[in-house]
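These notes open a run of structures that come right after.
Each of the two complexes below includes chain A, the first together with chain B, the second together with chain C.
After this line comes the complex of A and B, so read on.
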């Protein structure tokens, strides 16, 4: 009988022994070392043990009786210190054992971030029963607080378990969404929502600075200054192969112990399996390939032919009630196409990634019923071109025939009691009855049944019921949706962002049933604007959703260079500013142009020079003129009563005050102001978005002028007596425009749509004006800062070539 | 694992199902543990809305615990007392606004019986104990009345947050449980938490806490029947459970491709999937080896059957 020594009683080596004993029970005399003081247990089920949903006894794979029955000599709780290949012995803490064949199955070790405080008592990894018990013991303290560092599979399972045990749990994740290796942003958003519903606090983009405590962990400090109290800190940030024994023994190493397809190391008498091996450049962390390896290794030991092959993997998070599935590759790519299905009411998101008529990736959240079928299509590389239109509906919808070919058939096949509008509980039968009773448009159905009258996400479905019922006589609404990503109009989306309190892009995509994973170059800038305008304190402006000029804070010119234009408040400047501008122009070889907006434009600046020229201009006290934004551009003024014989008021002073109040704010489109000191109107204020004409009795405020493709005179909003009132009405008008206009509608287009009377009526109420101004000022507290200074400080790297172009908007 | 000895006594003794028929609830079967008087009487009875214990659960649209039959609305007091019963729990099963059935569980009461049946009700942001039967575990009862659970916290809070039944083990080690120590003292070991949806905004969670010596059951199962898990076919996957005979009953693979499946009308659990009604199945036929009684409770979300919990004796 050959002597077989196994180092490590993990799941992979345990499976090897099962195969050996099943196939050739008398072939080997087995000695099994394990550093843990126990035998093989189902390590991936430690999470339900932590949560209390399983006992440790339930997850034991091999108990004492099993080892005894199979005559395994167990040396549990004993570390192996050395492999002596020359003498073919394994050296344990309590003595040597000779081998004919040796299996290394030492698994992996958790990675601990070497931050200050990482070695305090109370900081644990999440790898074995000892870690699990430490967390269970910590949870015994009533009102205890836990911080989990790492929002991957293990970290989230630890968080859910600790929460179920009653702790206040915060998850810190350095990336922008949870489980980013397995999920895309949309699914990560839903997972975050689900965890937050369980009372778990999730902090994304969280940079941990250090862990502190007097003799034991007491708090975690983040880079942004946040302090989190903690009775226990679980660090679940990844694993590293535990391959030191192999390395010390002189085996061929990569990032772990290198094995061939038969699981042999560079020494033919030593085999290795599991997380401590590297095969073909790959490391392993999920259990499925480990079991494949175990089978191959057992066959190799028995002299049978087999070869380990890499295969597609899928993932399941073991948090009760969180249903997610991910498999394959779901990165975006030029040759790839996404099919997305969302059901906001049920919290369902499904995304399939197709390349060359094959399914290459799938991400699902909330509905994983067909995951095995999709997984099979990925693994087999099946041609899915025949079922392209209906594949997202799963296998039940395949098999040819009219139903498979026509997505409308899905709606036709719905029973009368199928709910179409979840908000108002309207079923298909009610809608059909309304249609049969002469409702022929979406608005008719809305009015009669209330279907799609609330959140509006079922609008497409209601239209499909109309189309199915009325046939060719149904004409869809003329109002265009934002883009192909959605059936909703800009107005619908603006309303829903407010009413449903949607405060992030993933929230919009999911709750409004976007048909693409994360929008497109058309909708992303609009949604980004709506979110920052409505939720300035909650939403963080997404640079990737901006047009190129706004991303670079400069206007790109036809030759690829940029123009740089510092702000000149109310068109005023002084010698020092002019000197600084002249020096910058010389230094960066700029062409100098005086603009119609009473500023100086420096043209021909290279992209890589932008931070340097901004820095120079900043040093002279100047800030960006925002000549490139959907925001306040200039406030053009005349010289006013200080200098002009006809001037009635201080038009320059008012212009400067308005510009200093409004600059930096994002608006649906660009906003230009003018203030003229008398009706002679030298500042051409009557063709601006807001134009003020000073008169002896005060200020005439006009709005909705234009002087571009369209030329239009302003319309009188109000006449006021004082400068303060002029500023008050102007700010209130701009905020009303910010909150209500469609993205890329200039003020004159928006006023034409809503009517000047509505604008006047709304602003006529002092309380409404005050509330608008308050909201504007809140927004300015976030956005009124000089982007040049910020970019010079933090974003110099942006002026190198950009990386992920697929998520960026084109001009 | 060898066949266990049947426990001398169980915490719950009798289970019965009441089905709406017109404006009354009629008897839909039950297991009476030899209490023939109660069995015979129950078969002849029906309850209007608000009448008797089943009618009260229907009218109030919430689980109801009755701890003293004397002078109460309980209609079968004499027969119940004759059978040594002292407490009854009625659990309404609603599919949306429609009452599907009422499951009634009756328990005995003596110093040797430990277990608990609790009803938790949401009070905005927390769950508080609204009703409960603890047998003779008075200390444990007193502690339970003073605690509350936030979303996701402890067995009731976990069930509430996840909208799914949860089976917990080793209650005496659940620290959240300020009551862990007290639970350990009286031998409470396992807990089954079940959401009880009712019309309106209120959330209820039913918890069955089982001790080792007088268990509520020797086998527990949770079946997942959600379409988002099993697809269009009417079936369910067994996602958790344990058994004194077979040991763990949950899938070992991840993803759980090896989960045991039951189709509608196939076997006792299949009856629940097919009919959508609670099931009290008596006799060994169709049950796992070693068991002669199954009580199964369907769980709905809106009008959709999402889970089945089953316990066996």
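After this line comes the complex of A and C, so read on.
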């Protein structure tokens, strides 16, 4: 009999032995080493053991009797330290064993981030029974706290298990959403919500700094200063192939031990299987392909032909109640088409990715009942062109005749008691009755039945009912959706963000049933603005959702350079500022222009020079002029009572006060002000978004002027007696505009929509004005900071090229 | 192929881009997802707009100057606009970004 030695009693090598003993029980005399003090068990079921849903005994795959029956010499609890290929022996901690054939199945080792404190007792990985038992023991302490570092598959299973055992659990994840390798953002968002519902605290973009404790772990510190108490820390941040034995033995290596399709290493008598191998550039981390490998390896040993092939993989999370599924390549692209289905009420998200009439990827959350069917379509590469329109509804909808293929026919076929609007419980019959009464538009139906008046996601269905009932006389609503990513209008989305308290972009995409994974260049800046305007304290402004000018805090020019324009409060400057501007212009080779907004523009600045020129201007006491924003631009003033023989009030002073109060705020479109010292109006205040004309008796405040593509005189909002009142009304007006206008509507367009009377009535109430001003100031506490100084301090690196290869390659 | 380390994945913000200067001109490296990157020429086929400054959505970028939209996979302009930009192999290994500089040079020679 040939001598076969196996290193590692893991999931892969265990399968190899099963195949061998099934087909040729007498072929080999087997010796099995395992570093763990036990034989083969179903490692993936450690999670139910941790959570208490299973015992360890239930997950053992090969017990002592099995090894005895198959005459396997077991050397458990003994690590192999060396392979001597010349003598064909394996060296274990307790002695050598000779081999004719050798299998390496050493799996992986968990990766431990070498941060300070990583070696304290109480810091564990999640790989074997010892780790699992350490976590179970820690959970015995009442009110114990656990921190899990890593929001991937393993980390979340650990977190869920610890939570079920009663611990207070926090998951720290460095990325922007959970399980980013398997899930897209929308599914990651739902998963986070579900885990939080279970009482697990999830912190994203969390940078762990160190672990501290006196003799054992006591707390985890984050880079942002957060301190988390911990009785146990589980680090589940990834695995590395355990391949040193192969490397030391001089086998051909990649990132792991290289094998061919027959699972042979570069030494024909040594085979390898499982997570310790690299095949065709691929590493492995899930069992399905390892089982395929095991089958091939057994055949190779027995001299039969077979070849290992890569195949599609799917992932599920073993946390009861978090139903997710991910398979294939689900990142979307252009040769590719996405089909997205979202049911916000049930927390369901499904996304299919189709390429060349084939399904290539799928992500599902909340309802994974059909996942096997979809996975089958991916694996088989089936042509799905016939069922494209209804494929997202799953196998039950296929081959169902006309109703399945044509959405209108499907709606027509619905019974009268079918629910259309889930929020308000309105069924089809009620809507049809309303239409047969008098309703002919979506708004009519909304008003009469309340259908689509809440979350709005059934709007499309209601329109289909209208279309079916009215036939040709139905015209779809005039107000256009924001873009192709949604059926909702700007106004709908603004309302829903407030009423449903949506505070992040993924929340908007999911709850409002976005049709694309993460929006487009049209909707993203708008949604980003709405979120930061409505939730200044909760929402984190997203630079990647901003147009280049607002991301780089300068105006891009046609040749890719930028213009830099510092603020000149109310158009006033002094010799020191002018000298600093002149020096900066010289140093950075700028073209200098006096603008129409009473300040100086430095043009032709290179992107990588921006932080340096800002820093110089900051040093001279100047801040960004925001000449590039949908925000406050300039407050144009005239010389006023300080100098002018006709000036009635200090127009320059009021202009400066207004600019200092309003600068830094983001608005739906740009906001420009003017303050003139008398009705001669040298500051052109009567064509601004807000224009103040000083008169003997006080201040006339006009709003909604325009002098760009349209020219329009301001309309009088109110006359007030004091400067304080002028400022109060101006701030309240700007905040009302910020909270209500559609993105990219200048103030005059918005006022035309809502009516000046409504604006006047609303602002007339002192309590309303005070509340608006309070909300404006809360927002300013976040946003009234000089972005130039901030970027010089925190984001300087982003302005430089990632790498410069021009010098290297020239050699 | 000649894989050259050009920096860390985390140097590029999610749905953002950075440029790499090469003898063949500027290459834009886009990060479309937590662990998904693409490299293309930084120059818009319309009027040379710097694509790395565009808004990144899905696997596409919108040029900051006049809103042409490109597929980062194929380099083709989308919709009614006609034109294309060069794309280059780039990959992520252990959190590092590797760019195939041979492909960049070949493109330049061609």
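Just so it is clear, the second predicted complex is superposed on the first by the 760 of 811 C-alpha atoms of A that agree within 3 Å, B and C clash if a C-alpha of one lies under 4 Å from a C-alpha of the other, contacts with A are read in each partner's own complex, and residues count from 1 in each chain.
What we mean here is this: contacts are C-beta pairs under 8 Å (C-beta built on N, C-alpha and C of every residue); 3 or more make two chains touch, one makes a residue touch a chain.
Source: prediction; values computed, not measured.
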| item | value |
| --- | --- |
| First (chain B), second (chain C), both or neither touched by A:367 | first |
| Which of chain B and chain C A:200 touches, first, second, both or neither | first |
| Partner chain(s) touched by A:518 [first = chain B, second = chain C, both, neither] | second |
| Which superposed partner A:721 touches (first chain B, second chain C, both, neither) | neither |
| Which of chain B and chain C A:418 touches, first, second, both or neither | neither |
| Contacts of A:394 with chain B and chain C, given as first, second, both or neither | first |
| Contacts of A:163 with chain B and chain C, given as first, second, both or neither | first |
| Footprint of chain A on chain C - complex, ascending | 4, 6-7, 11-16, 18-23, 26, 29, 32-36, 47-50, 53-60, 62, 64-65, 67, 69, 71-74, 76, 78, 97, 101, 105 |
| Of chain A, residues touching chain C in the complex | 175-177, 180-181, 184, 331-335, 516-521, 524-525, 543-548, 551-552, 556, 558-560, 797-798, 801-806, 808-810 |
| For the chain B and chain A complex, residues of the former touching the latter | 149-155, 157-158, 161-164, 166-171, 173-178, 180, 227-232, 240, 242, 247-248, 250, 252, 254-257 |
| In the complex with chain B, residue positions of chain A that touch it | 42, 44, 51-55, 58-59, 136-137, 139-142, 144, 160, 163-167, 197-200, 287, 314-316, 318, 320-323, 325, 346, 348, 366-372, 394-396 |
